[in-house]
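See the structures that follow.
Below, subunit A partners subunit B and then partners subunit C, in two separate complexes.
The block that comes next holds the complex of A and B.
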């Protein structure tokens, strides 16, 4: 939308999505973004407060839902020596917070062929020998905006426990703050991803129902159904969609069945 | 009896035979031997630089974990883990300045001041289980196995963490006698195995290790008993190389002391894990008709 399409002074602010929704009578508070002071409405997230202040995110913003790992932010508070960490899209601004985003942090990722790798801890040790530079300072865990016990999963990898490491690192969103704080210069989140890939491919029990379903798909069980859909015009598709069968919202588990059960 | 134990990373990867045998033996002796539910590396090498406190953080964090889990004693099997945990523990107990610095740095953990006692498994066997109890529970005594007692560095040095008064090998002697073996004392019982020099100066490390094996063999040993995975690596895994280069003339079987305990208690191969030792270890037991079930089927 260009400037000419909108006279912002007269248009009532009813913004949704990426734009700030200000509660009536919202107070403003001072925050410091990369050292410069901005007055922003309280209750906003760091991301929305920065946009309110005029920043535009080209990098450092992704899902805005706390899961993509693009907006890790480091901040300090007045009178507190501790470093604090959060996702800009999830963390609410506080008065006098000093912040900077670290959208990317360099961390080397080892190259491997997951099809050929031997699913043992020694494979991980060989690809990431820097694992053994860990001094258990715990800075990684303190930096994690997802509350992952990073030191514990790094320890589990050193102890050869791939399954435990995969479970402990499950909530990792690959934001890289752990690596940014590591005394041993480990790329923790890449190591954890390798461990989860090994776990998923070689260690975790396979889902039998999934294997069956893939077999059914490959045997052509659903081909006719798809072909039929592809032949339909828009009106037919809309009609089919509107008349589709739906499981009642509150139906007790396992009680509802569709009329046509040939594909179950 | 509930005992918290700290295994160490190597016992979970390259030295499963050291751990599996100990865990199974404790079960056989009726000891509730519980691994710490959270632990990290022990720090591996105790840092000697007076101002290098960051390398004590790993062992101290383990001791904090033990304290959190309500144990006043933590038992270790690996000599190296024992040494670094015990030495870090002394710093936290006895040095108020370093204690404060480390506690301040680890401000996300409870303050620690040496509340937990670090105990090596050999001391634990003597003091808490009792060698007489072990002797009474031995099913297959290791009769006639002449086993050299090797402490290396980390069980014996420095003095303030030594598992017994410096220079002594009474503990392992009594242990071996309790399980029916014949202890062999030799001059290199406290000589360094070459340690991590195996990475930087492999030839020197292999020379030192070969000297130890030669010394033990000349003293009449048919096997050598130890408690450290790094010593085991240098003394056992390099023997092929030593024989090839003429540094030693015959293989000398190496055992973790826990394996001999498990074998004497009559436990099977899943407990003793002789399959993880070099071939000559199972061979000597077979030749002497000892630990028959534990070595059956090991090629």
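The block that comes next holds the complex of A and C.
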């Protein structure tokens, strides 16, 4: 990768791309990757530290931004009995941490037909009877790197509250750490996915304006308009672009209408 | 952790100007937006796309002569992973109606639609199903679903935002299909943000005339991706997903039609010949090429594989020289550098400020203009904060959001971002964020029409790897709509194409032979092997110890 030289003549930028760097004044610390010692710069994330040490990920790296669930990692600190959980792309290395990535953990997933499913908790119970093997140990919640209240949503499902479970589980990134720690052997994140889809499809109120718009589009209402736009030259388009009215920021949805309604 | 004492001092300047700025925002007063003419000036002078150094003319292929960033030229002027004359194509290992390469939003949508049409689908990906930029799109998805809006305005905003360089048929297809795509996602059970009566909640964004941005918390892309993935998993009888197994070369047949691809199991290093009557390339973007050394918001596998394979098979590109820099990438803390801070933060009213806590631009310009304005403030005006690792940063005043919309709005509307900064000791509802432009999106890509067809029969493409829809600048929320609209179109198009009774004839890699001869004739020395599949971030020290010159191949 070439030096970063485009528009920053006044400042020397120390990093290019994603290659790990030693920030000014940083010292190195020992970490143990699956028991093996490496010296890495402090302040890096586990992911960048491992790359600094020379690892090239195939499994265990995805979005690198804390949202895809590819890099769940379990670690202990020296002299500390506790297990810690985190995402390698988000967790900063600490001296003498012993870590292992768990990029995949087997979990049972039930197939279903979203069009045919009865939108009630009993459908979920029937697909995942192991729900009732939950002993409420809360290991799932402790393991969640997203801070999701896993046990709470599992309890909500058992109690039949789909809406509550859907909202409680919304931040789930399906990394599987909950399932890896479950005494009842539940696949929590698959159950949560099912519950959210039932909620989104059947319980959340439908968007009436969307239904109307779909009808309008399917009736061909906008076809000629779009056909016309494609034939316009830049000058015509620019004129129309400048003439657009802007919906006021603070206007409540569904209340404002433009003066010019010919294109609606 | 958190901000250094020096930075905390600087934050006081932001806090000093905040009350007055909040008052103005409440009255609906904005920092003035640039005119079209002023936009042109700031782009010309400060946007990396408009600068000449670091760009070279392509020496081979369908776009020979086109000037592109050197990082893109390097992968387009590349040789195959395989020697074309040493591969036996006569006994395919797999046989499918359609092969989909890439398992993000576009690939998964295409798979669902193709399976709906009764086709047998193989979807392959080099990482896991769903490891894609789709997963990372935070802000939302556009679609003219509200009464005051229509596909007309979606078209206008999109083509104006793209400086009228967009391919019109693609824009029309997007504007037309967008509400249908939203309805499809709703029917699959996606949890959109809605008002209590079911109305879809929508917001403004950079370059919008209407509130058209639909979202699901601040993880809209992740919600879309996990719903699509879940639905694909429900259709195992029609859709086979193969992970860690990218395509590395497209196969044509002796009539010039597309007839499949060579697949590569990255775990076992085996190759497989896949015959397919149609192929959809949906491999996503190229942020991991790190054009001009910029950091990127993209996922680990964004290395432009599909465009490379299509190029070798004779398919050119549209708008390839254009790259989107997202104006607000994280500049601090170092661990998060390059990661995206969604435009929604500005949509919710946060100002962009310089080191003195002053506004210097309208916060919701189209992205390229906004990026250029930030670069200008840092490089010409020298009014950026310099982070402890020597990076530029400008303030994004997120605490304004709670002041404008009520306590708790930041946590509710930006939960993922809140957690991400909280991990590093920064409460973004109380302290502003430091941002700088970051590589975000491959604007250009493989040339297609509105039915996702390329010039090669049987070879389709959809999503970020294609070009033309966004012209030279993409608006927020059009990328998620792109993958859904064109992913769905690709699936339907393939079915229409196959309904004509397509029979794949003898498979060939002759296009690879020709391309490599062209490389030699053009004097391209030491072309790299591509698709590169994954970036290599090892340090020079480690690389040197790998003794590449000294190692003997074991077999």
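Here is the rule we use: the second predicted complex is superposed on the first by the 189 of 264 C-alpha atoms of A that agree within 3 Å, B and C clash if a C-alpha of one lies under 4 Å from a C-alpha of the other, contacts with A are read in each partner's own complex, and residues count from 1 in each chain.
Heads up, the rule we're going with is that a residue touches a chain if its C-beta (ideal position, glycine included) is under 8 Å from a C-beta of that chain, and two chains touch if they have at least 3 such contacts.
These figures come from a predicted structure and were not determined experimentally.
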| item | value |
| --- | --- |
| Subunit B versus subunit C as contact partner of A:258, first or second or both or neither | second |
| Touching partner for A:249 - first (subunit B), second (subunit C), both, neither | second |
| First, second, both or neither for A:152, with subunit B first and subunit C second | first |
| Contacts of A:121 with subunit B and subunit C, given as first, second, both or neither | first |
| Partner chain in contact with A:137 - subunit B first, subunit C second, else both or neither | first |
| Greater residue coverage of subunit A in the superposed arrangement, subunit B or subunit C | C |
| First (subunit B), second (subunit C), both or neither touched by A:129 | neither |
| First (subunit B), second (subunit C), both or neither touched by A:92 | second |
| Contacts of A:160 with subunit B and subunit C, given as first, second, both or neither | first |
| Residues of subunit C that touch subunit A when the two form their complex | 28, 36, 46, 48, 51, 53-54, 70, 127-128, 130-131, 135-136, 144-153, 155-157, 159-160, 164, 168-169, 171-172, 175-176, 179-180, 182-183, 186-192, 194-202, 204, 208-211, 217, 219, 222-223, 226-227, 230-231, 233-234, 236, 244, 266-267, 288, 290, 292-297, 299-300, 334-335, 337-340, 375, 378-379, 382, 386, 388-392, 415-416, 419-420, 423-424, 534-539, 542 |
| Of all residues in subunit B, those that touch subunit A in their complex | 7, 9, 12-13, 38-41, 43, 54-55, 57-58, 61, 105-106, 108 |
| Residues of subunit A that touch subunit C when the two form their complex | 1-21, 23-24, 43-45, 48, 51-54, 56-59, 61-68, 70, 90-92, 109, 111-114, 146-147, 166, 170-171, 173-174, 193-194, 196-202, 204-211, 213-214, 217-218, 222-223, 225-227, 229-230, 234, 237-238, 240-242, 244-250, 253-254, 256-258, 263-264 |
| List of subunit A residues in touch with subunit B within their complex | 121-122, 132, 134-138, 141-142, 151-152, 154-155, 158-161, 183 |
